[in-house]
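What follows is a single structure, written as structure tokens, with notes after it.
Going in written order, the chains are labelled A, B and C, and every chain counts its residues from 1.
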Amino acid sequence: MFQMRPLVTLIVSGALLLIIGSSIGLLAAPAERYMGDVQRIMYIHVPCAWMALLAFSYAFVSALFYLLYGGWRHDARLEAALEAGAIYSLLLCLQGALWAKPTWGVYWAWDPRLTTTAIMMFGFGGIIALRGFVREPTRRARWSAVAAIIAFVNVPLVYFSVRLWGSLHQLQSGPRSIAGPFLVPLGLNALGLVLLTSGLMGIRARAAWLRRERKMGPEAPDERRPLEPPVKESGGDA
Amino acid sequence: MRPWRAALRKELLLQWRTRAEVAAVFAFGAITLLLFSFAVGPAPQALRTYAGGFLWVGLLMASTLALAEGFHRETENQALEGLLLLSLKPHAIYYAKAVANWLQIGIVGAALLPEMIVLYDVPMPAPGRLLAVLVAGAAALAAPGTLYAAMTSQVRSRSTLLPLLLFPLVVPVLLAAVKATALAISGDIMREWSTWIGVLVMFNAIHWPLCGLLFAHVVEE
Amino acid sequence: MISKKASSSIQALAAEAIPHDSPEAMEKDAAVSCSGLCRRFGGRWALSHVSLTAAYGAAFLVTGHNGSGKTTLFRVLATAIRSDRGRARIAGFDLGRERAHVRRHVTLMSHHSYLYEALTAYENLDLAARVAGESLAPFAIHALLDRVELDDRAHDFVAEFSAGMRKRLGLARALIRTTPVVLFDEPYGQLDPRGFALVDGVVDECRKRGAAVLLATHQIEHGRRICQEALVLARGRCVWRGRAADLPPLRLGHSQETEKEVS
């Protein structure tokens, strides 16, 4: 389980793709007509958004599998996916703010997608905090799985209600139809980020797995372990 | 059905016995409303505009206190485990507790309404609509709140963790309840009120069955 | 640390112990039969390959130091927690697959009182009876309270009760159902001599109506008198099993000889 070599391959190839895609996006692709160079943040922003959703979906599936079938590998994957999702949401919020300032003149414009992302970040970040507070491993696994399922199911509700709420404020991010020259770097970056993240998440899950292994010891009690701490013959307590 | 009724009976009895706590929770909400008016300043127009928001944020804060207290009673002597071992189903415990919490949050909210009307100089709102928002909103806070209170009541630093988990989750509730309350107060020209009530109903329709289903995984070892 | 006297006697026991890693055949018609039960808490195995068979109408003594796994064993058997390995049957029902049935056939008197502080003694028993689906008539509840000598405090809140009174009320709570298997975890704790006699009477009554009684206690001499079979646990392992009358005198539970908890 959690072999190291394929994970490293994933990370290296993902990083390469990202470098190529970003170089094309930053240097070769034409500047967008209305937004200019600011628009180039899209090449990383959009793949990040996909990755956040992907990570949270993965967390949801892992949580579901853990509750249905048990198995520590699902818990390890849940831990990795939660952290990846939280990091990507944070990145999204930062990138969104960077893009919004030159475009709309404010860092935070209550765009429904961005607001939903921020709420998701806090929602899933809270589950990471919960994992930090619960020491007993099975309880931690069950509770965080329950919380992850609820938080994930809630995401569409949050998005829907925020959009409904935001529409009254007359604020919507402009529709972006994507033309050919923009598509190549976007696709390369998206693929690169998927590979990179899968590799990193695999390593993170492996770390979670190993840490639990080390803490829990073997899967069965050791019968040869001494019953009592050895009593010294000289008489005094050890 | 009978064990469920017994569990609900217990919840209501416990709530009656600890009514001083409900009063304290109400007092907390009341002083929060007062504090909001200090934050805005003596500007009747602004206060009137944001009255719904203040009410629901105050109620949300107050309800986290009530939810945490409600579960402390179950864990101090492991009484919850005692009920489980008497073959009471986890979802029966959950629904009894959630209904009791619904009632409690609803009562605190109803008690805060007159204060909001007086303090923020709100014109007499449409009472039927306001009540509908209160009932639906309290139910939406109670459903996930009961589940998360069950988790956090057994964890150190529970007072931080419950809001941390609950607040992001109930953002749709807050948005919808605030909007619907404001519309009930100021008049519903655009006919949006039913949309927001629809959001609350949707939230309830998803979370009451889902949390009931998952509650067993929280309390059963 | 474990004082030399206590530990050496445990080790002497272990030397002649039955081989506990060979899971014995589980008897289907026994009240309680388990084989190879293991349970961990984090990295520590609180229960390690414990096997036992208890018959209907008999009392079974489970003893050992603090932290030896008595409570964990009882909590596993009562379905309060799951075992990590091993199998068990309670009244013929499988502990892993038929938990709902097991719960209807076993009563645990835990060292947690399972009581609501904000309810009265009467209300606590009434609630437990209703939840168990046996709604008792008021006189029956008063009779139970009378049995544990608390009837004059029936309508006082549990919050005002002393530790011994809570223990008595917990005992009354355990008597609401008449299950074929009854587990008493440290029933003598905090009780006065009259309370001891009360517990003995209850154990005897359960036995007489054909139930299997498992009794976990430090009161080894006392337990030996009222039980037929016995089992000694040490660090989660079964180190001695046999007839209670044959149990060698162990130095447990005497204040100066006892262990300090190995945590």
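Note that in this section a residue touches a chain if its C-beta (ideal position, glycine included) is under 8 Å from a C-beta of that chain, and two chains touch if they have at least 3 such contacts.
Keep in mind that this is a model prediction, so the values were computed, not measured.
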{"item": "Pair joined by the larger number of C-beta contacts - B-C, A-C", "value": "B-C"}
{"item": "Core chain by centroid distance, with centroids computed from Cα atoms only", "value": "B"}
{"item": "Greatest separation from chain B - chain, by CA centre", "value": "C"}
{"item": "Distance between the centres, which are taken as Cα means, of chain B and chain A, whole angstrom", "value": "31"}
{"item": "Distance from chain C to chain B - Cα centre to Cα centre, in angstrom", "value": "40"}
{"item": "Centre-to-centre distance between chain C and chain A (centres being mean Cα positions), rounded to whole Å", "value": "47"}
{"item": "Residue numbers of chain A (touch at least two other chains)", "value": "none"}
{"item": "Residues of chain B whose C-beta touches two or more other chains", "value": "221"}
{"item": "Residues of chain C touching chain B in the complex", "value": "78-82, 100, 103-104, 106-108, 110, 112-119, 123, 127-128, 130-133, 135, 173, 177"}
{"item": "Contacting residues of chain C [partner chain A, same complex]", "value": "1-4, 7-8, 10-11, 14, 21, 38, 40-43, 45, 48-49, 85, 234-237, 239, 262"}
{"item": "Residue ranges of chain A in contact with chain C within the complex", "value": "135-137, 215-217, 220-221, 223, 227-229, 231, 235, 237-238"}
{"item": "Interface residues, chain B side, partner chain A - complex", "value": "144, 147-148, 151-152, 155-157, 161, 164-165, 167-169, 171-172, 175-176, 179, 195-196, 199, 202-203, 206-207, 210-211, 214, 217-218, 221"}
{"item": "For the chain A and chain B complex, residues of the former touching the latter", "value": "67, 119-120, 122-123, 126-127, 129-130, 133-134, 138-139, 142-143, 145-147, 149-151, 153-154, 157-158, 160-162, 164-165"}
